[in-house]
Amino acid sequence: MIKAGIIGATGYAGGELVRILTAHKDVEIKWYGSRSYIDKKYAEVYQNMFQIVEDSCLDDNMEELSRQVDVIFTATPQGLCASLINEEILSRTKIVDLSADFRIKDVETYEKWYKITHPSPQFISEAVYGLCEINRDAVKKARLVANPGCYPTCTTLSIYPLLKEGLIDPDTIIVDAKSGTSGAGRGAKVDNLFCEVNENIKAYGVATHRHTPEIEEQLGYAAGRPVLINFTPHLVPMNRGILITAYASLTRDVSAEEVKAVYDKYYASEKFVRVLEQDVCPQTKWVEGSNYVDVNFKIDPRTKRVIMMGAMDNLVKGAAGQAVQNMNLMFGLKESEGLELVPMFP
Amino acid sequence: MIKAGIIGATGYAGGELVRILTAHKDVEIKWYGSRSYIDKKYAEVYQNMFQIVEDSCLDDNMEELSRQVDVIFTATPQGLCASLINEEILSRTKIVDLSADFRIKDVETYEKWYKITHPSPQFISEAVYGLCEINRDAVKKARLVANPGCYPTCTTLSIYPLLKEGLIDPDTIIVDAKSGTSGAGRGAKVDNLFCEVNENIKAYGVATHRHTPEIEEQLGYAAGRPVLINFTPHLVPMNRGILITAYASLTRDVSAEEVKAVYDKYYASEKFVRVLEQDVCPQTKWVEGSNYVDVNFKIDPRTKRVIMMGAMDNLVKGAAGQAVQNMNLMFGLKESEGLELVPMFP
Amino acid sequence: MIKAGIIGATGYAGGELVRILTAHKDVEIKWYGSRSYIDKKYAEVYQNMFQIVEDSCLDDNMEELSRQVDVIFTATPQGLCASLINEEILSRTKIVDLSADFRIKDVETYEKWYKITHPSPQFISEAVYGLCEINRDAVKKARLVANPGCYPTCTTLSIYPLLKEGLIDPDTIIVDAKSGTSGAGRGAKVDNLFCEVNENIKAYGVATHRHTPEIEEQLGYAAGRPVLINFTPHLVPMNRGILITAYASLTRDVSAEEVKAVYDKYYASEKFVRVLEQDVCPQTKWVEGSNYVDVNFKIDPRTKRVIMMGAMDNLVKGAAGQAVQNMNLMFGLKESEGLELVPMFP
Amino acid sequence: MIKAGIIGATGYAGGELVRILTAHKDVEIKWYGSRSYIDKKYAEVYQNMFQIVEDSCLDDNMEELSRQVDVIFTATPQGLCASLINEEILSRTKIVDLSADFRIKDVETYEKWYKITHPSPQFISEAVYGLCEINRDAVKKARLVANPGCYPTCTTLSIYPLLKEGLIDPDTIIVDAKSGTSGAGRGAKVDNLFCEVNENIKAYGVATHRHTPEIEEQLGYAAGRPVLINFTPHLVPMNRGILITAYASLTRDVSAEEVKAVYDKYYASEKFVRVLEQDVCPQTKWVEGSNYVDVNFKIDPRTKRVIMMGAMDNLVKGAAGQAVQNMNLMFGLKESEGLELVPMFP
């Protein structure tokens, strides 16, 4: 039995980790960390866990935690994991960090976009970017995994094959993203009140969203050179789900069959990436509650662009599910263990 | 491996059966019946099942089906199961009927409320009303289980203990129910369009809803005499969930502790009925996707009434989940097999 | 031109006052009071008012305000209006108080349910309860109007005729109410976040909601004797709208026609109360954005009860619209001036 | 009093025409055309109109209608208006066609995208494209106005100034659009059921949506040469609202101030186009129920692109409101008559 601790267990991503790990046959949660709810019963914070989780919340003591568990998940805002981590802790326990602290290899880029000083840059190089479908082998050997951001996961998986194969021009990539509101977290803000979000849609963080450099770094690896993109997220009146619609110019005439073949080359044997049938557009509802990413594309012969689409559950493949997928790899378990969640519809 | 067939597999309840049975370790679905989609791939009707279910839809041939499977689920409108069933079929296979055909023992009552002639009244008496928490032993021995309606399940479980113990006056029961829209089915009707349901709430079937006699019959068993109630369902702009708020006059002064003790007497050892802590009101979101019913109550000393509340997922405990719970009992499996679904929040 | 000031202009009810008064041909808003947003442009708080309202927010100085305007609307939590008001102010300006401070005639009842000491009980007796359809003449002469609560408005109008005419037993009244989330205000609370409310329904304030004594007082006037009721509000995932479903035992056999005639007797000439056609259930969407209350009923001959239903927009007839209706009466304007708002569908 | 007739009065756009015209002081609706509901009271189809509209629905007889009214609105699917219209009718009455029949000047383009033969191409050249802000003078003199599509209205107004002024490269325009579900109409289709749309987002009509050539034609006028774009609409779980997010490469270095000045040049004196303050992103909720289009932009210096955003209510400025704006111009009324609708929030 793998012993797991969660720092930030009462945010939405933390709650989803609890939902998934509770049903994971090889894992036992030993620590429900939550600075705001110390000593409160976890099931009083998330009443869905009544009679399922009996524990109370504990504080964010990563030092102590590392002595008690085999793996720590940090589902907290940027800066916290990097400020708590040290070599001793890493020598005792594995860490899956759901924050952005170790996702970006260039510390200056991180500090510029996140507007904080990185507290422990010495661990950046060893951290593995936990996009399992692409970095599977490195994840298996990692002590520290930087769990990808929600938008970067969906975007990278949707674009990666065509970019890697040189079918699209890296200078023309535009990503228009749409997210459910759980991505905004459980903080009590007027902007996230029901009445402000319901019956409404808006763009936010236009040309400034922090997931931009993360996406650009990953796409850069595929392109073999630096990539700059436009990335515009939108807030959608739904709880869960991310849909990305990405545009790029094709580098040559291709048929739908060729493009499909490229996607299949990368994903045919991937359990969690489903390349849909021709002309079927991904919908977030079809992956809700599951670890799937549904991807597809459409060629526009008039403009010689391709439209790439991807849909996933931002709390599962975009956060907790992918974190567990990484954990499975790090501990040599079956990659899909605890993640064979059938999407819920409707 | 139990072989299962579903008649009506492309309705919402049928889809939920597929979701649950797909993850049930002892069951294999052999027949996806759907009159409207014969020969169409099931995963094209419910795209969430892409790469999970490979089969195509078949017709409603219960005769043929009974030769191929161990259990048939009928998730179809009233009248169909009763018109297809016969002794031969029942001798070969077990049936869990999710329609109303065999729920009401008095055939005249059925015919009056449903305005159809019952096609096979000879099976009514042997059919077991599959409210597992109350009729567990009978279910275990049944060939034919009448899976309870969604409203009756939530209502009966919320009221049963207090009525059975004589704490409330049977002549004063009023049930005000609220349901998500999946309860209205997947038929293409203007009334169920997004724009008609969203940002809206209404009562429907006031004083005439067909679940009324079903609830009355079950409450009558608890009271030991006929019971008449007021039952008013409402349509709520959400996909899943039923909440019932029931009112009754107390027959004597009781404390909250006494009432709690009565609920505990019936449900403390029931996995799927959670009696909440004092003053915590059930919320549908806390049980979404799971087989739980959350119940609680509040005494109003001013009016000497008790308000009883229950929340559940109408497609799980209110339909497919309870059907699988019944199947588990009928086949001697662990009652919760395949049903240990952790509620999804948010 | 009537000069109006609003204290609490940046809450949802305050915002609705601004929406309605902006289009009112006889009124000019001179004061947008908002303690939290002093000196901020009103249109930055409510961006819908961009290029419509140019003013900035001011503080809650009722003293100063009373020198500048003809009417003050207080759309603030309980206690504030009562703590600011005095005879001098009232001698200079009329007040429509949207809070509960002057709704309840018995100060002890107010203090018990609201758990505060009433700061100015001397004005309670002169305050007129502004349910225009019932107290029209008194409103016309009032200096101080207590604008009714949202639930009390909908409930009282739905039940009043039958109770007044002795058709229902006052001891049997049960009110099950459902409200959109704007009723919970614009305060930043976790409970009102999109993800907590969406896809969810719950009861709250069971047997303790503060609108209970207000409803009981009004129903008491109709019954001619004290009335105790059960009142249970529910939070519904929609922005606007209140639906009440009320139950009571009939005192004698009546036909639907007789009951309809009673409703018509009270409301046939009322512009803002629409008695629907037989068997048509009120829906909140049909009154959205308007000052209408739609009411109807259904007799259940089996239980000898009547189910009374009412739907309205909680921010209009339940708050700002009714406040303007009261203002119109107080200033001798046409009662419907500025309120001929056609409901928006969908 | 202008007498108006509506063909297609029971669709959502038709219903919105009724809502707006009912409150228009210079207009009287004489004909509620609805093939599906002939002889049914209009207020039974749209219950919000109870006690406001007393008329019953009539058929689609444009011949007869043209003898009775001064203006006909056709709010029907493509092909119908063009098949009913003739010179006699046009000589007697003005027509505002909300369908696509007369929007596209090149009949081959129309026939290719709409896959129907145009029944009356002889009227295409005289028809005026009713985007009032751009074609105001022509509209004033028109007998036949082609009311713009919802997406084209929002898109064109958002992009027009920068394209016209040569600030963006016409070959790089990508439009990612998001619409509420009322845009899909009131037809009873499974895809538009509440449970299918709620908690879901998807793209549709990718690279094939019929509004594409309409947008391209209008942008072509601004650019002074043919323009090809990518246009991708998405279905959002809300009733009303369109948001477009458009991307284009800047043709030279410009400051935010310069771009703002260009927008102001075109829209400073336009009542219904609001250019928002710097960095404020348009939100559909801020224009709900009103005739406003809110536009804004953001320069991305990294990619040398500009992101242009526009939000409006698809049923008002995107359909019925703009139709009334056109009618006002055609009849020499104040352009905003009946359209001074304050957006409703929340």
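Letters are used for the chains, namely A, B, C and D, taken in the order the chains are written, and counting of residues starts over at 1 for each.
Just so it is clear, a contact is a pair of C-beta atoms (placed from the backbone, for glycine too) under 8 Å apart; a residue touches a chain by one contact, two chains touch by 3 or more.
Keep in mind that what you see is a predicted model, and the values were worked out from it rather than measured.
Taking B-D and C-D together, the pair of chains sharing more C-beta contacts is C-D. The chain with its Cα centroid farthest from the Cα centroid of chain C is A.
Once the centre of each chain is set as its mean CA position, chain B and chain D turn out to be 46 Å apart.
With centres taken as mean Cα positions, chain C sits 38 Å from chain B. Chain centres here are Cα averages; for chain C and chain D they lie 36 Å apart.
Multi-chain contact residues of chain C (touching two or more other chains) are listed as 12, 182, 195-196, 198-199, 237-240, 283, 285, 288, 346.
On chain A, the positions that touch chain D within their shared complex are 174, 176, 178, 180, 195-196, 198-204, 206-207, 228-230, 232, 234, 236-241, 243, 245, 247, 281-285, 288, 298-300, 302-303, 305, 307, 309, 311, 346. Within the complex formed with chain C, the chain A residues making contact are 12, 181-182, 186, 188-190, 192-199, 237-239.
For chain A in complex with chain B, the touching residues are 12, 15, 19, 22-23, 44, 46-52, 182, 198-199, 239-240, 274, 276-277, 280, 283, 285-290, 294, 340, 342-346.
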